[in-house]
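Below: a set of structures, written as structure tokens.
Look for chain A in each of the two complexes below; its partner is chain B in the first and chain C in the second.
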Partner chain A sequence: MPQFTQVNERMLAVTLAGEAVYTKRGSMVCYTGKVLFERSFLTGGNVQELGMRAVTGEGLVMMKSHGAGTVHYAHLGQFVTIVALDNEMLYAESESLLAFDSRLQAGTMFIGNQGLQQMVRGAVSGQGLFTTTVQGRGELALLSDGPAIALQVTPERPVCVDPDAYVGHKGNLSSSFVTDVNWKTFIGQTSGETYQVRFSGQGTVYIQASER
Partner chain B sequence: MTQTVFTPATLPKNDNINRYAYSVAVDNHILIRKGKMIAYYGNLRFERLGSTVLDILVSNAFNSPLSINDFICVAGQGQLIIGDLGNDISGYDLDNANLTIRATHLLGFQPTLLCQESVVPGFLTLLGTGRMLASSNGPVHFVEPPCFADEQALLGWADCPCPAFRYDHNYIRGYASAVGSFTGFTLSGEEKQVDFSGKGTVLVQSSEAQLAGQGGLLSSLLAQLSGLEKDELSTLASMATGLAGKRR
Partner chain C sequence: MSTFQINSGRLLEITLAKEKVLALAGCMVAYVGSMKFEKAILGGEGLLGALKRKVTGEGMSLMTVTGDGTLYCAHEAAQLAVIPLAGDKLHVESSGLLALDAGLKTDTKFVGLHGAVSGKGLFTTTIEGQGSVAVMARGELIALAVTPATPLCVDPQAFVGYKGQIQQEFVFDVNWRTMIGQGSGESYQLKFTGQGVVFIQGAERD
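And then the complex of A and B:
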């Protein structure tokens, strides 16, 4: 299985022994050994998923690296976080997904199907109503602006997040849109934190220090 | 390397999570700059200053009408995580101190401190005992007076007399260098300096560039633009061009 290692806070190394890894297109910085890079349209999925991505505009532009050797990846000096999935599902924006190994399946999910509030959330955060999902057992790497902070969520301890600071989340979480809207908002006296996303359930939420 | 997963119990209490993020244990009230919350655990409310009876009490700590719209009151109990667009964040414990800081760099402070406008425009003075948060472009460096600082890199000063500007007028001596200076050719760019004397500490950031991102008012205006119709946007654009022309 592909070995993910963190070279430094902004660089990822993947050691391959005949397997494949999917990464953001053009993110290879150097490699040793014999590794081939090819543009991957299907990204390990099927034609239906490709069509889904094309329709929803979740531009998961990935390439496939396969062979034997060690490949280093980096993207625009953004910080890299390695996440291990153990038969879980991770949700992230397609642009913050740097790499995932070929044992994992990528998909596109409509986040508006959990009720009207989710649609409002997508419209407010400007991040669309569709998100990329990765599921299975394996490793992946996320990109963030500044080091990603992992916050644990338990049923007793939900966490509220600024939609602009959200990177991704994994586990069995449900998100709801929290408004701090009261009569003062309508006369222009907002607290600046009017829109928040509350995650509850069991899992982990990843946030970045920089608001997009 | 495995990543630490934080829980409310393992999050730092009033300390940095990393260079760009800071965790505050809120147990009563704290004043923070608008829009800088990135996440929180617990039961927290975000209120504009002066809008409820509760924070009318708190806003006794706030005596700066110029920047009252930039700050909000966080009330309740919980763990608050603050981030500022990738700028460095540092927290300082003030003990019966007198600290003056560039207003745009003040991120938050406990209401036990009294915040007032400094006589130097664009600066705020914090008096008393409590914790404050400041953001800076690059790590903060501390210097003991007597010293001279660059105007742009100056973040603030603590417990020392109010500084003055010092102009290095060497460049106007002699005919040739006067011509050179008027054309800007021989200027080093460091002719205007801030002169500190007395005892205290001077805070300098590691960059002469301003903070990343837009100012509080601008970013809150931009956040609301998506709600405007097309013709409303063009009205706004023409008004903004007109105003910008008058300012010049």
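And then the complex of A and C:
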């Protein structure tokens, strides 16, 4: 299976022995061995998935690297975090996904089907109504501006996140939209923290130290 | 009392037990517990202070956060440092301020005409009292000690703040080369004399 290792905080190395890994297109910086790079059309999904991605704009333009050797990946000097999945599902913005190994399944999920609130969330945060999901057993790498910080969520301890700092989440979590609108908002004196996303349940939320 | 802690260099964790902090508006990235965010119209310094700030352009867009739990703050992945104050006074550029205890007193101070040359304001923000202040820097924040025997010169573009008994003056290094456009790029500096600490960053603002 592909081995994900962190070269430094901004670079990922993947060792391949005949397997494949999907990565952000153009993110290869160097490699040793015999590795082929090609544009991936299906990216671990099926034709229906492809259609869905094209329609939703949650464009997951990936490339497939396969062969034997070690490949280094990086993207715009952003910080890299390796996440191991053990038959779990991870949700992330497609732009935050650097690489995932070919044992994992990628998909697109409509997050607006949980009621009107979610629709508002996507519209307000500019983060879209669709998100990319990766599931199965294997490893993936996330990109973030500043190191990604994993916050544990437990049933007693829900976590509220600024949508602009959100990178991804995994586990059994449900999200809801929280607004903090008061009279000051209407006279233009907002605190800049008018809406948040609350995650409750059991799992992990990844955030970055910067707001898009 | 609220506690300030830095997580992985770029994220500030503030633990609040029904207390209040002032933070840069919009810098919250996540929180646990219950928190209330409000624009700080007066910024904890009264009507006169707010007016002074408006007039001087040493603008600080702060919010007050009240609550019970942990607040996570960050701004553009800037590197952070916590400066504890025990009754002393910190001078800092308002653009470098991320968060401070609500118990601290802030004010705007006239620092002299050299601000016109350096492109930095003529005014700086002062923070005084007991508590913690979180400041931002590009690259790591470096604290340099100043003693009466060793005055310190810094590039105004790398200057973040200072505390202690320090006088600040302006030093020029202008010669005929500067006039014909062959400046070394270091034609003016800030000189600090006295006893205290000067904070600089590993990058120069433009």
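To be clear about the criterion, the second predicted complex is superposed on the first by the 208 of 212 C-alpha atoms of A that agree within 3 Å, B and C clash if a C-alpha of one lies under 4 Å from a C-alpha of the other, contacts with A are read in each partner's own complex, and residues count from 1 in each chain.
Following the convention adopted for this analysis, a contact is a pair of C-beta atoms (placed from the backbone, for glycine too) under 8 Å apart; a residue touches a chain by one contact, two chains touch by 3 or more.
Note that the structure is predicted; figures quoted are calculated from it, not measured.
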After aligning the two structures on chain A, examine chain B and chain C and state clash or fit.
clash
By the touch definition at the top of the document, which applies to A:Ala150: first (chain B), second (chain C), both, or neither?
first
Chain A residues touched by each partner, larger count belonging to chain B or chain C:
B
Touched partner set for A:Thr81, first chain B, second chain C, both or neither:
first
In the superposed arrangement, does A:Val21 touch chain B (first), chain C (second), both or neither?
neither
Thinking of the overlay built on chain A, is A:Val205 touched by chain B (first), by chain C (second), by both, or by neither?
both
Can A:Gln6 be said to touch chain B (first), chain C (second), both, or neither?
first
Output check: A:Asp162 vs chain B and chain C. Expected answer is one of first, second, both, neither. What do you get?
both
Going through chain A, the residues touched by chain B and also by chain C turn out to be 145-147, 149, 151, 157-162, 165, 180, 184, 189-193, 205, 207-211
Within their complex, chain B touches chain A through residues 1, 3-8, 17-21, 34-35, 37-41, 44-48, 51, 72, 81, 83-86, 213, 216, 220, 226
Can you tell me which positions in chain C touch chain A when the two form their complex?
7-11, 25-32, 35-39, 41, 61, 63-64, 72, 74-77
Where on chain A is chain C touching in the complex?
145-147, 149, 151, 157-162, 165, 180, 182, 184, 189-194, 196, 205, 207-211
Provide the residue numbers of chain A that touch chain B in the complex, in ascending order.
5-6, 81-83, 126, 145-152, 154, 157-162, 164-165, 180, 184, 189-193, 204-205, 207-211
